[in-house]
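When the chains are written out, they are named A, B, C and D in that same order, and each has its own residue count from 1.
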Amino acid sequence: MTIDFRQAEKELISAGVRLDHLGLAPATSGNYSIRLNDKEIAVTVSGNHKGKLKSGDFLRVDMDGKALEDKKPSAETLLHCQIYKCYEKAHAILHTHSVAGTVLTRFFADKDFITLKGYEMLKIYPGNTMNTHDISVHIPVFDNTQDMVELASRVDIVLEERPDLSVYLIRGHGLYAWGETIEQAEYITEATEMMLRCELETLKLKGAMR
Amino acid sequence: MTIDFRQAEKELISAGVRLDHLGLAPATSGNYSIRLNDKEIAVTVSGNHKGKLKSGDFLRVDMDGKALEDKKPSAETLLHCQIYKCYEKAHAILHTHSVAGTVLTRFFADKDFITLKGYEMLKIYPGNTMNTHDISVHIPVFDNTQDMVELASRVDIVLEERPDLSVYLIRGHGLYAWGETIEQAEYITEATEMMLRCELETLKLKGAMR
Amino acid sequence: MTIDFRQAEKELISAGVRLDHLGLAPATSGNYSIRLNDKEIAVTVSGNHKGKLKSGDFLRVDMDGKALEDKKPSAETLLHCQIYKCYEKAHAILHTHSVAGTVLTRFFADKDFITLKGYEMLKIYPGNTMNTHDISVHIPVFDNTQDMVELASRVDIVLEERPDLSVYLIRGHGLYAWGETIEQAEYITEATEMMLRCELETLKLKGAMR
Amino acid sequence: MTIDFRQAEKELISAGVRLDHLGLAPATSGNYSIRLNDKEIAVTVSGNHKGKLKSGDFLRVDMDGKALEDKKPSAETLLHCQIYKCYEKAHAILHTHSVAGTVLTRFFADKDFITLKGYEMLKIYPGNTMNTHDISVHIPVFDNTQDMVELASRVDIVLEERPDLSVYLIRGHGLYAWGETIEQAEYITEATEMMLRCELETLKLKGAMR
């Protein structure tokens, strides 16, 4: 499966409008990419608002994150490359920031995963081969850093163990979600964020009703 | 009352845009239908985002949920058929997913109903024959399953006892709402979700102020 | 000051779009009016969604709420008439439903007012003659009923004592706000609802941090 | 860097639409400005809704806040002038009102700062010279008053000590944020408000889980 750079731009622009509308792209946060072919990825350049992306706000990088044109890729491009290498089926990646994800990963500062269990929405995950709500999904949570090489090395260990995965969280930072298409990546993002909001509300309710 | 398939598509597309705008259609969740005539129902096909429906994302099924064309109906089509059979007046059904409904039905894991009492918004329910806020409405909550036949059999028992009903909830899953028109089904959905948010906030407040 | 019926329709339609966008017009809730002249009021007819009003969804009533054409006015038209009679300066009234207002008035089931104190936003109230944030505004809260005559009689006692007032609440129901123009009524609605959300969050925070 | 008055109007109108969409401009709250050149500032006139600004809703003032045309500037124009004087790089200022900022500054009534720590979003602040999430940012909180001269004198003491600053809060009132461009000011506003919402949710969660 290959996709044209202009088409990738269009799809990523549209995803940004949607994610911003959902409150998942505050300020210049987030970065998005599409796998163009075996050797190239289209990724957002650094520093723009993802709800107002336009043609030209993207560049080609190779599978190691090296810019193939004279623009500065998002700082976290390496994490995108890593996902494409680990998951042959991944063709689009969305990285978003949300209140629920930020609050939960910071609050449980020692936990290296968040467990989602018993939600109908869990059916969104393609790794859920039983296609049922009645499972536990452990979303990995990685401590944040500005050292992408170091972070990637920690992420690598987990990705290798989890061929089923389609999301992970970075603590106090945000969500990475990937899919076979940009639509699937977007649906996985929406569903995951909805369940994280449910978790946050449930915890407050548990405290209140104790 | 009969309605043309194209008109039904238009009305369901419009309902999806609205429900998505209200945050009630995350990812590919939900399914919507309209009763076309005595023998046919128009229902959403499986797997699309309900905020971006277009002509062609619907199919005709018979009153037993059997597809009348070569498309895959939503998994829960059987539940739609059941409602149309039980409630002669029902001509449109909307099934939505929300944070408040998901959190409340999961939190009260053993309760098979949620009671709404004393809300002005209760006047939205046509079964509220006294047309007053000063009543208690018990919304049935069914445990979730992927076995639609089994779920339908449990739902059936309750629907038969409740000719007044226009909504029910599935635990950790979502809301079913129906009306004589798509507008009425949509208003009942909006009003119910608003009261569920009130319930959630009230519980947190009660805990906080104890 | 007089205003043409068509112009009043336009302004009320536009207010409805705005209030719906703010989540203050769920389902068919709310009703809006404009004083046309000394003897007539334009008010929403009963039962429409206020976010989708169109020309024809309004009618003229006299100052006692009697319909001047063959349409059914909102059930609460009497409350509009009462406000126009008590407040000579009032030329537009908006009645909205919100989660915060509903939750707070129900939670404090015995309190007949909600006090807002120390908010910069309090400057929105024209009765705040010192034009300062540093005051206490007591918003009356009336118990809900479907008997408009009885409700109006209780409201009357308070309105007569409070020439400064531009809002009141009905318990488990919603907000009435009025102004010299539709814009002012809308701003007072927005500001009041924002402060009610602040009150709700503050109460939860107080409980949590106790 | 100079900017044309008409261009400044366009940029401020657009910022208002965005901030209103984010719920940061309820009623007529807030005021916005752009530094036109060494001697003039374009600032919103008093009393309009910031989500519906149009050409003509702005005026030129000098660096002391004196109106250069026959319109009434926002009451807080003096605070804008002060920021432009203290921060040579500041070319745009946005003042907004939010639930989270209002609730937090009121709840911690004795604290003269709010500390944000460990958020990836902290990278938005240009004063964060290490460009890292792993810092503590102390946002000053000033007690509210209607006496702008007195408030400005208190603000002045802090601004002089904090050349790194790009935001401050006024208690029970709102946020001031500034940047080298209107885009940067807007991003800083969005990011700060997102972190304040995180703080509010975290506090409730801490209380609930205690």
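Everything below uses one rule, namely that a contact is a pair of C-beta atoms (placed from the backbone, for glycine too) under 8 Å apart; a residue touches a chain by one contact, two chains touch by 3 or more.
Everything numeric here is computed off the predicted structure, so don't read it as measured data.
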Quick one: compare the interface residues of chain C with those of chain D and tell me same or different, with half as the dividing line.
-> different
Copy-to-copy rotation (chain A on chain B, CA atoms, range 0 to 180, rounded to a multiple of 5 degrees) logged as 90
Measure off the straight-line distance from the CA centroid of chain A to the CA centroid of chain D, and report it in whole Å.
-> 31
So what's the Cα centroid distance for chain A and chain C, whole Å?
-> 44
Pull out every residue in chain C that's touching 2 or more other chains.
-> 204-208
Chain D residues within the chain C interface of the complex | 26-29, 49, 97, 99-100, 102-103, 106-107, 144, 146, 170, 172-174, 200, 203-208
Where on chain C is chain D touching in the complex?
-> 118-121, 124, 131-134, 183, 187-188, 190-191, 193-194, 197-198, 201-202, 204-210
